[in-house]
Amino acid sequence: MSDHSLLRVNAVTKFYGSRVGCRDVSFELWPGEVLAVVGESGSGKTTLLNAISTRLMPTSGTIEYRMRDGQFRDLYSIGEAERRFLMRTDWGFVHQNPADGLRMTVSAGANVGERLMAIGDRHYGNIRGSAAQWLGRVEIETNRIDDQPREFSGGMRQRLQIARNLVTGPRLVFMDEPTGGLDVSVQARLLDLMRGLVNDLGLAAIVVTHDLAVARLLSHRMMVMKDGNVIEHGLTDRVLDDPREPYTQLLVSSILQV
Amino acid sequence: MNTHTQLATYNFAYLDEQTKRMIRRAILKAIAIPGYQVPFASREMPMPYGWGTGGVQVTASVLGPDDTLKVIDQGADDTTNAVSIRAFFQKVANVAVTTRTADATIIQTRHRIPEETLNEGQILVYQVPIPEPLRFLEPRETETRKMHALEEYGLMHVKLYEDIARNGHIATTYAYPVKVEGRYVMDPSPTPKFDNPKMHKSQALQLFGAGREKRIYAIPPYTDVISLDFEDHPFEVQSFEEPCALCAACDVYLDEVILDDLGGRMFVCSDTDHCEKRRADGHVGPLAGETAETAP
Amino acid sequence: MATPLVVSEVAKSFTMHLRDGVRLPVVEKVNFAVAAGECVVLGGPSGIGKSSILKMLYGNYSVDSGQILITRDDVTVDIAGADPRTILSIRRDTIGYVSQFLRTVPRVPAVDVVAEPLLARGRSQEEARARARTLLEKLNLPEQLWSLPPATFSGGEQQRVNIARGFITNHPLLLLDEPTASLDAENRAVVIELIRAKKEAGTALLGIFHDSDVREQVADRIIDVSEFRAARDAA
């Protein structure tokens, strides 16, 4: 792991009117590190994810990101053009619903190739080659490259969304309930794939999930949120095996055993 | 047709002066930012949307009593749309009209650029149905405006990529997207891509009006207009295997004309003025004699 | 050479919030050290807190008070107060752990489960897999199982995968939580052999062995954990 963190979140607070979205959240994320944010619906985890990923301006607090030049920049003080460029090159965002992250009416190949074209790749053959290679990596048959994602199953769509995000070699990926709504067997395959990709590519990731098994499998570190506050934060297996807070104990004790 | 005396209650060129000023301001802004779509308060015109209401408003705003107007539809001066709009301006502005490209000061067009090179001082007014080149890929106007503002044009190439993936080549043949002066991606209106190179460094001022969508955009004279493409699939215009059947012109855009119900057909210039001029100059195509009685 | 593991005045209790906040003390005043090349065994009856001590050393359980000092290359880290990133790097490079039960990952074949700690330390996949195969062979795991995910293996088979995973690296400190519990005599002997080899290589080992035969063969010292038993308060 690198000595320099990639992301610094300082006292991020988001109010919706007088209602708290998330309150005073601070943490650092290092390259290659996967952080799981867990909590039940309405606990503020998605608010936090959106605030960090510059999709929702926080009421107060700063989010600093170490750019490829090694300099930390406050994400809400850089220009929108630079921010959007960052989002489509150095970052990925995997939505729970693949339709939110894919273009459903263009081919799988174009879905993967879009980011390359957006950063100026103008060689059709190379773009297609990269797309085919990425489809292979996410275990989609290369002969489906010209099919549209609406012809794909849920699991395939989610894998395509991942490929689309990773093609530019991002350093940070946000995932919002990436396995939500998938069959258990499909989930397992996806988790295994994500785990492998995160390891191979040295990705840092922030995974929002209410599924503690997903958190255990994917993450190094875990934050537990309740009512907009981070109530417990630590090594994933420590939080799950020795939960300290009443709410965390309740969460852990509520896991269904198979 | 000479009924202008009955129309004394109409303002010159139909639109009131305030409206024309508003539209001229939009046009000036459009010229200042080549390829940028300027919103304007499009008026109801005495013709349905889709019949050139945008182009007509632009023409009405730039038209003066000394202008000579030519109107073409798919290259022809004698099709319904062209005849109607020409008659409209004769009636409401009492301006001189012509079918000769070289004689016109303003040419309003639907779907073609004349074959004859345009010159300084001429204005080409395009009728535009859908001004937003990103629209079919991104339905949200807020998002497409942001994409233009931030020069996020990757999506445009996604469309071309899809073309190649499906057809083995870029199959977009009309409304082929261009980049204007290295900045804005623009829809050249549904002209055949054959005409795209004519927009590049044109000496004439090119104005685009979309009435229903309420947008005006422009290409000032001598502006770079580059068609988008891939390195390994470069932009190419259509080519025709045979010359015009009437005037033997090569390197022009041809229309297919069905001659009978036995599969007989011929290809003739879509630009009727160009064709007539060539024939007057003595050029003879292979089928010129046979169709002399039916030719315009 | 500095002592790789020093445990000083460590105390641990659980607070069960779901049971009206009842506090269950586990151990207190835990003091011991393990030297390089030494195998120390934690002794005492079940439920006395032996596994909890191992889990604290591995950062898996939090520590109420005291210090757990891990020294490697003259750098000492207190696990009790270390941040998650430090613990992860210590797990990768310094402390190995063979748990009682294998936590399986869907779809990952046994050979890769075993090879993973080496990969994490930057070794090539070929080298890591070759080493994994050697260990699995030594532990008599049938070769046809190597390419299968261990989720459906028997207890003994899973444990051998777990042991191979723990022994594949040359971590200077190795924690063993009943590694021989569900093994037959032949495989117990293999594990004893592996432990001896680790000792000779200078690894500091700390283990829990219920099997007295194994314990006698590997232990240099036995620490009676009952001495650390915490006083129960009247909650």
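The letters A, B and C name the chains in turn, as written, and every chain counts its residues from 1.
Just so we're on the same page, a residue touches a chain if its C-beta (ideal position, glycine included) is under 8 Å from a C-beta of that chain, and two chains touch if they have at least 3 such contacts.
Fair warning: this is a prediction, and the values are worked out from it, not measured in the lab.
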Components of the interchain contact network lacking chain A: B | C
Centroid comparison with chain A (C-alpha atoms), farthest chain: B
Most central chain, judged by mean C-alpha position against the global CA mean: A
Centre-of-Cα separation between chain C and chain A, whole angstrom: 32
Computed distance of Cα centres, chain C from chain B, in Å: 78
Rounded Å distance between chain A and chain B, as computed from the means of their C-alpha atoms: 47
Partner chain C, residues of chain A touching it in the complex: 1, 30, 33, 188-189, 191-192, 195, 199, 217, 220-221, 234-235, 237-238, 241-242, 244-246, 249-250, 253
Footprint of chain A on chain B - complex, ascending: 137, 146, 150-155, 157-158, 161-162, 164-166, 229-233
Parts of chain C lying in touch with chain A, wherever the complex brings them together: 14-18, 55, 59-62, 84-85, 87-89, 105-108, 119
Contact footprint of chain B on chain A as seen in their complex: 80-81, 84, 88, 103, 106-107, 109-110, 113-115, 117-119, 122-125, 127-128, 145-146
